[in-house]
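Two complexes, one shared chain (chain A), two partners (chain B, chain C).
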Partner chain A sequence: MSEDRDVIEAIWSGSIPACFKLASHECTSLQNPEPFFAMLPRISYLPLLWEKIQRHFAHFVTEESRSSPIWLEYNLVPLRWQYPIGLLFDLLGEKATLPWNITVHFNDFPVKEVLACPSRQVAEAQFLNSIKEADFLKTRKKVMNTMTQGERRQMTAALHSLRTENFWAVNRKLMFTGEPWKHVPLRVFLSENCRQLQKLVGISNAENEPLTLREVLNDWIQEFSDERYEVLLHGVPAPLEAPLQWLGVNMSYADNFLYVVVRPK
Partner chain B sequence: MEGVPEKIDVLLKPTGDAPILKIQKFSVRSELPVSDLVLNIKKLAKLQPSESVFLYVNQAFAPALDEKLATLFEVYATNGKLVLHYATTEAWG
Partner chain C sequence: MEFSGVSGMLIMSLSYEEFSSQAREFQEIAESLDDGWRLKGASDGKHYLYKTQYYTPPQVLNPCNADCSREQSVGATDSQVRESHEDGQQTFVWEYNIVYSVSYEVPALYFNVFKLGCAAPLSLDEVWDFCRLFGAPFGMNAEDLWSTVTQQEHPSTGVPNFALHPCNTQRMMQHLLNSLHFEKKNYLITWLSSVGPIVGIRMANAYCPAL
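Let's turn to the complex of A and B:
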């Protein structure tokens, strides 16, 4: 199997227009700040923007909250920054109008609901850990064991600057492992209750044919059917009959996980 | 997650210079997040609040602190036990 460049390019170029506004009760200035507009790359992560957001709003909040870690919220749900932006939008933004309106908070950090992410480095470490988990599932960490610091830095830097080719120069090692994958890194999210499903899943079914996403969803979700649910991957209907490993190579997010959103029709 | 018992067995193993705990096997509520386990290890090992504890699955990766133990158990338990390594400095970088 080789990679499908068109699919990968399409995934890397997907973006969501967003409008960040400061929570009105946190504004201590007489004048309301202008909103902060950005095109959010679906494949990327919110903390990569935090410095800019913080700088934009810092002068409108009290001096003591200025340096506290910010957190973001959509529709009263705090956004879990360790998930890729595209997943967050597919999971929470079903009824959202564009631009996606996100509220910025400096105060009352919801410790029970989201992790603190005080710096970009914390977010990058989390991202690399997710890659390590994916590699463990595929090869029992054979690839990450031999990956240099330079290659890791190349991946995080290329994700930040959205240079697909630089990213894939390293990512290819993680995807084409020279032996069959043991398991496919896959997380399924049910938008009804924001539940996350993760189980061990291989690349073949009992008949030794390539396992498809449809077979997995039939197995994981009670009474799964096309009439009841729609299945999203990167904001578009997921190809349910495609072999899971093909999806893993070509349609995973940057951390090498497939994040599939299932929502009722 | 369905299929995961309410209480699961977790086996904690020290790594590097991490202090050895008197008890290493615990029965833990599976709905709890990883961060709860980290707090408990700090308490049991009598670490200062400023000291860090890093938890690893299969000596391969550190799960997100808000990951539910049930999910880790579902995917990574062997012989009905979830084995986690803990360290006071980062390991398996």
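Let's turn to the complex of A and C:
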């Protein structure tokens, strides 16, 4: 098996128009700041934008708030920055109301809901830990154990600059491991209650045929059916009959996890 | 428990069912000792162990004074805690969680630290200072901290916690198995008594049936 370039290119070029506004009660200036507009790459992460957002709004908040870490919120739900932007939008956003209206806060960081992210180094460590976890599921971390610092840096830099080819030059090692994957890194998010499901799942079913996403959802979600639920992966209906390992290679997020969103119709 | 050869190395994992049953046995010992550990059931149906502990270092985060530190267990009375607070010494509240890691198939230690009376948990840097203090006698390398302790969501409650990374737990348990010949039924206790000291957990001898 080799990767499907068209699918990967499409995933890497997906983006969401977003409009960031400062929380009105935190604005101390007489004049409201202009909103900050951005096209958010679905595959990327919110901390990559934080410096720009912070700079844009810093002069409209009190001096003591100015240097505190910002946090983002949509519809009263704080955005958990450790997840890819595309997943957050599929889970919380509404396609019908683009741009995605996100509120920016400098005060009252929700410490019980959102991980602290004082620097880009924290965000990158989080990303690499997630890749390590995915590699453990696939190969018991054999690939990450042989990966150089330079290769790790290449992955985070390529994700930042959205250079698919540079990223895949290293990512190929994580995907084509030379032996069958032990488990597929898969998390299913239920939009009803934002709950996430994770269980160990292999690449074959009991009949030794390639396991499909539909079989997994039938097993994990009570009374799962096409009539009741919509299943999203990168904002499009997930191919439920596709073998799970094919999905893992071609439709995982950059951290090598498949994040599937299940929404009631 | 699974033993399978990968690259000539034995891999040692613990299933959730084994974790859950050992956690229940752990709770029975904890109840008889009244040392504060409790078994909790989360809304997702998963079990985890939980304990709150007060700790007052004699001089905040001064690793040189590690030897004369004194510990107040959860049994310490409010007046004892208040007294140390009035001495000008800061008391810290540690919340420990022993959860199950689905990906790594091992138990994992999650924790938060608060200054007494303060709602915000300590920062990663402050927690690392504690880990250096506690971990030094056990030869922990301060360079390893990025891959040892970071903030993660509690797998059952979603609340941000600091987590001791479970990525090397299987390998560590393998070494312990080879050197100590511990038994499968003592996995959880053997693991906790090995990693716990890095975050200030001390365990009574009563947990170890062999002693």
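General remarks:
By definition in this document, the second predicted complex is superposed on the first by the 263 of 265 C-alpha atoms of A that agree within 3 Å, B and C clash if a C-alpha of one lies under 4 Å from a C-alpha of the other, contacts with A are read in each partner's own complex, and residues count from 1 in each chain.
Heads up, the rule we're going with is that a contact is a pair of C-beta atoms (placed from the backbone, for glycine too) under 8 Å apart; a residue touches a chain by one contact, two chains touch by 3 or more.
Keep in mind it's a predicted model, so treat the numbers as computed, not measured.
For the composite obtained by superposing both complexes on chain A, the positions of chain B and chain C are in clash. Of the two partner chains placed around the shared chain by superposition, chain C is the only one that A:Lys142 touches, whereas chain B remains out of contact. In the superposed pair of complexes, A:His59 makes contact with neither chain B nor chain C. Residue contacts after overlaying the shared chain place A:Leu200 against chain B and chain C alike.
By the touch criterion stated above, A:Arg153 is placed in contact with neither chain B nor chain C. When both complexes are overlaid on chain A, the residue A:Arg172 reaches neither chain B nor chain C.
Judged by the touch definition given at the top, the superposed model places A:Glu133 against both chain B and chain C.
Which of chain B and chain C touches more residues of chain A is settled by the count: it is C. By the touch criterion defined above, A:Pro118 reaches chain C but does not reach chain B. For the contact definition in use here, the residues of chain A common to its chain B contact set and its chain C contact set are 80, 82, 114-115, 126, 129, 132-133, 136, 140-141, 198-200.
Touching chain A in their complex are the following residues of chain B: 1, 57-58, 60-66, 71, 74-75, 92. Chain contact summary for the complex, chain A toward chain C: residues 80, 82, 111-116, 118, 122, 125-126, 129, 132-133, 136-137, 140-142, 185, 195, 198-200. The part of chain C that touches chain A in the complex is made up of residues 6-7, 11, 44, 102-105, 119-121, 123-124, 146-147, 150-153, 158-160, 165, 167. Interface residues of chain A facing chain B in the complex, by the touch rule stated above, are 80, 82, 114-115, 126, 129-130, 132-133, 135-136, 140-141, 144, 196-200.
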